[in-house]
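Shared between the two complexes below is subunit A, which has subunit B as its partner in the first and subunit C in the second.
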Partner chain A sequence: MTLFIQQLFNGVALGGVYCLAAIGLTLVFGVLRIPNLAHGSLYMLGAYVTYFFLTTVGVPYVAAIGIAALILFVLGVLLERLVFHPLRNSPHTHHMIAAIGAMFFFQAVAQAIWGADFRRMETPISGSLRILGAEISAQRIVIIVTAVVVLSLLTWFIKRSIHGQTIEAIEQDRTGSALVGINPAMVSMLTLGLSALLVTIAAGLVSPINLLSPTMGDSLNLKVFAIIILGGLGSLPGAIVGSFALAIAETMTSTYISSAVGEAVAFIVLVAVLAIKPTGLFAKAVQR
Partner chain B sequence: MNALKNPRILGTLAVLLIIALTPVAFGDENYIMRVITVGLCSAIAVYGMNIILGFTGQLSLAQGGFFGIGAYTVGLLTTDFDWSFWQAFLVGVVGTSAIGYLFGLIALRTKDEYFAIFTMAIGFIIYLTISRWESVTHAHSGVNNVKFPEAGDLIDFSNPTAMFYLVFIILLACVYVTYAIRRSSVGRTLLTIRTSEDLADAIGVNVGLSKQLAFAASAFFGGIGGGLYASVVGFIGPDAATVDKTFEFLMFILVGGMGTVAGPLVGTMIVTFLFELFQDFQAYRFIVLGPIIIALVIFAPRGVVGYLGGFIDKRARKRRIGSARKDGSTPAGTPSSADAAGHRGAPADTITTTEEKK
Partner chain C sequence: MTSIPRRASRPVLAAAVISTFALALGACGGGGGSGDSGGGDESVVIGYTGPLSGGGAAYGENVQTGLQMAVDDINKDGLEVDGKKVTIELKSLDDKYAPSTAASNAQRLADQDKAPVVVSPNAGAIKAIQQINDGRSKFLISAYTSDPAIVQADNPLTMMIPPNFESYAKPFTEQGMKHGGKKLALLGTQSEYGQQWTKAITDEWKKADGKIGADNSIDYATVSDFAGPVSKALSEKPDSIFVGGPSQPTALIMEEAKKQGFKGSFLVMDQAKLDEMATVTKLENLTNSVGVLPVKEYEDPGTKDFLKHFAEVAGEKKVATSETALNYQSIAIIAKAMEEAGTTSDPEKIRAAIPDALSKVDDKYKVNGFPTEISDEGHLVNPELEVTYLDKDEKYTKVPVEQVSDAK
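Presenting the complex of A and B:
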């Protein structure tokens, strides 16, 4: 039972990380209609930039994540402007290929700067808490709390603030929003920047638990895609539910069956769900 | 005779001839021969991608996985089970096609982005199976000493040149199949699906079945490429089945030109050459190649062969209009060969240029 509670907390913490990554990706899909395959490499860059500010420059942990998030925001905006914007009228395969090019580029850059070896980010938050007999490391609690706070802020931003509402408007009807004076190009840049910012927060939070490497984004990339496909591309509630469901399924199968099955469970679930419902669980009618 | 006047066919033949003659130039240099032969194996797999992506317009990201299945079937059967190469190769190719067909049953229920990501997940499941199922695939220690094809005392396939010609002949068959598909009603059906799935459905094309067959065909070519690759290299590890392998194939086809007959081969050779050029930089090569991919998709989405094809079309059109003028008759409506051009392009192109000439 103790092990179960322990793993449940680990699963929820992992779910928080997936959630922060998946929300950005699904927002980008909603607004740009692009599955951004470079998302995982933005996560990887976010982790390395946080690492750089924390270890090399020596600023406090929270500030390091903040600075990294801002830098990645700018990078996301640039990615939209330089890569996706010129391709906005191309067939959908072209975006994905360009995103793959960007992904390779980011990985090569990270490898050139920080090398291919694994690196460890020293955890600034140590200690653990005892909840219901299970030892929960403080870092995981920080992850859960931060994920909840960031998600609440994001919901407020999208539902209440004027800039956030433009994102939802564009998602619902691109032409219509342009008619009432919303600039789709600006919103696209904002969305991609925002997704890079969110995924950096996720990376900064999880890096002290995991190791850093230029390919660390690959498996996250695939899992997050499995999540948003599962939830239905472009659906926010779908992404949140999918993140926690898959994360808990992953930690549980790793614990009780084997780590290989744990790694594959996201994709097995994905195959099963799409075999039954090819548009994902929470799909809304996709308009083009 | 007529076929030899077609610059497209001439160009393809010229490329094939140049490649056929490489052993004459580099026959003694084992390393170069091996790089080229491995390139040809990849090219075969890329021809598979050409059918599903280039003709049918569905971005399948499972090709690296199919390549890996082909390679591992041949690798494991010839070593652990001591089968002969040809038996293992046959089982590998049939098996890969069957697996492709089965995955296609589920994958093709999805569309567009869903399809791309779903096939990427399939590719990753295949990779995970290969890299984690240690009792069967030896996981990260890989498979050593994969057999060369047997041919009695006739030919010794441990000779790089002999192996090169074997792969080359199979590649020729793939090029011909691609050419034949392009000319047949099957090819036109696939191109219709690429242009518009709804339209194809409306005019009575069996979209589901056609896509299913195209997907199985892509797996078939992937299996052939992988099986040959295992024998050429002699050692295979899980990285023969990674998603990165798929992305590599994608770059090959993009550089060459999607949906063309010669594109996959030309693209593979050009990029293989670039890889070798940047050999010293290893992983850093993508600092240059990444932006090149992006620039290609933005500025030259039709690839080298697609671009040359468009150029040939334009010249042919000019000539036709020129001769029509001499005859004093109005230029006949140019039947646009939508083939070489990507999704957008040819038809619209034709109209504007014809009008300008008037």
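Presenting the complex of A and C:
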């Protein structure tokens, strides 16, 4: 039982990280209609920039994540301007090729600046809590709490604020939104910036319990794609439910069946969902 | 009317750009080649194909550092082959850990650069290169892998550098049981090499009447949180745990196990190096473990200078590992063998000269358990191989290793 509770907390913490990463990706898909294959490398860059401010510059942990998130926001905007915007009228394959190109570019930049070695990010948050016999490290609790707070803020932003509402409007109907005076180009920039910001928070939170390397985004990339397809491309609730479902499924299968199955479970679930409900769990009305 | 020339100008411009690049590249190639025509000096290329980008990049760079340090030192000393002064040049190509790319890189190095020796640090790649190094083009493979399948392949032009990993299973088991107990949990890595290790340890542990828990191997490169797998392994209440993959993730796993209350011993696979692991966690989190001996614990005549030189090249923060040190030694052996054989271009003669060369290599190149002989199959052997036990006081104790035969 203790093992179960232990793993449940581990699963929820992992779900929080997946969630912050997946939401950005699904927003970008909703607004720009492109699968941003460079998302994992934005996560990796977010981690390195946080590491840089924390270790090299020496600002406090939370501030380091904040500064990194802002820098990545700008980078996301630039990525939209320089890479995706010029391709807006070309076939979809061009976006994917451009995104893969961006991914390799970011990896090469990280390797050139920080080297190929694994790096460890130290965090001031230490210690652990005993809950129902299970030992939960403070860092994991911080991850869970932050994920909840950030998600609430994001929901408020999208549902209540003008800028956020434009994102949802564009997702629903690009032409219609343009007709009522929303600038799709601005919203596209905002969305990619936001997705980079969110994924940086995820990276900053998870880095202390993991290691930094230029390829650290690769496995996350695969999983968040599975999550947003599972949840329904472009759907926010889908991404949230999908993240936690997948993370818990992953930890539980690793615990009670085997680690190999745990790594594969994301894709087993994905195949099952695609076979039964090809539009994903929370399908959105298809945009024309 | 202006639209026609504008349309035409694009392909023309593109062609111009491409041809400029082509010319620039050609010029570079020519520049490199002209080096051996000047002043009677000769130059010889030693090829290296390894992972220089992607997930294995850190490993590939460690190997490359060792090779480059050796090449620089040998050139500084001045190498003379058959009465002529020879400069060695290291040419590195990235294979991203893919055997097929490694084989085509090796072919390119042998054909274009006339490299008599190609270094590769990956068993799969070496097996692929062994298909092509003894046919139309001939070159010696300087093989950095502890997988004995390399020498079992009966390839006359292969030199295997590190010890056979199977030799470690016995001392690891003895030390692990002595400082832990009879029950072992398996938490190795899921790479091909990791699985071979898991099997070797399992066999040896069973032979010593130990009990083995479920195989909890995980992919060290993709698992995002080590707490889960560690909790699972500890739920079986083991006395010892087998861990090991790249140093840094291995260190995190051991740290997590101690955090969750594990008190027993660790068996650390040779891919992970205890001193390199200490760069990401405190050494106290790594104690009560048996692993390979860190380079700095060797007492070879050249070790101290090598470490000093390494710190200058790679920075104080980096730890010199056997990947760097053993490849450093092996280039010195090859250079000496060229001198003995009197040729830089005949790999068969170079290979034949290695047994004589071993005893003549300058002391300063002996840094990490220098080999004294080479087996007929091409395996360099250091008869005084040792592993180490890191005790609770953070001290390394050396443990001699009885080496197993390379035969199947």
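Here is the rule we go by: the second predicted complex is superposed on the first by the 288 of 288 C-alpha atoms of A that agree within 3 Å, B and C clash if a C-alpha of one lies under 4 Å from a C-alpha of the other, contacts with A are read in each partner's own complex, and residues count from 1 in each chain.
Here is the rule we go by: a residue touches a chain if its C-beta (ideal position, glycine included) is under 8 Å from a C-beta of that chain, and two chains touch if they have at least 3 such contacts.
A quick note: this is a predicted structure, and the numbers were derived from the prediction, not measured.
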item	value
First (subunit B), second (subunit C), both or neither touched by A:Ala275	first
Partner chain in contact with A:Ala116 - subunit B first, subunit C second, else both or neither	both
First (subunit B), second (subunit C), both or neither touched by A:Gln107	both
Subunit B versus subunit C as contact partner of A:Ile97, first or second or both or neither	first
First, second, both or neither for A:Gln6, with subunit B first and subunit C second	second
First (subunit B), second (subunit C), both or neither touched by A:Leu32	neither
Touched partner set for A:Leu87, first subunit B, second subunit C, both or neither	first
Which of subunit B and subunit C A:Glu263 touches, first, second, both or neither	both
First (subunit B), second (subunit C), both or neither touched by A:Leu197	neither
Doubly contacted subunit A residues - partners subunit C and subunit B	107-108, 111, 116, 214, 218, 260, 263
Interface residues, subunit C side, partner subunit A - complex	53-55, 57-58, 60-61, 190, 214-219, 221-229, 231-232, 235, 246-249, 252, 259-261, 279-281, 318
Subunit A - residues contacting subunit C, complex	3, 6-7, 10-11, 13-14, 17, 107-108, 111, 115-120, 128, 135, 137, 140, 206, 209-211, 213-215, 218-220, 251, 254-255, 258-260, 263
Contact footprint of subunit B on subunit A as seen in their complex	29, 35, 82-83, 86-87, 90-94, 96-98, 100-109, 111-112, 116, 214, 218, 222, 225-226, 229, 233, 260, 263-264, 267-268, 270-271, 274-275, 278-280
Residue ranges of subunit B in contact with subunit A within the complex	53, 57, 59, 106, 109-114, 116-118, 120-122, 124-125, 128-129, 132-133, 243, 247, 250-251, 254, 283-287, 289-294, 297-298, 301, 342-344
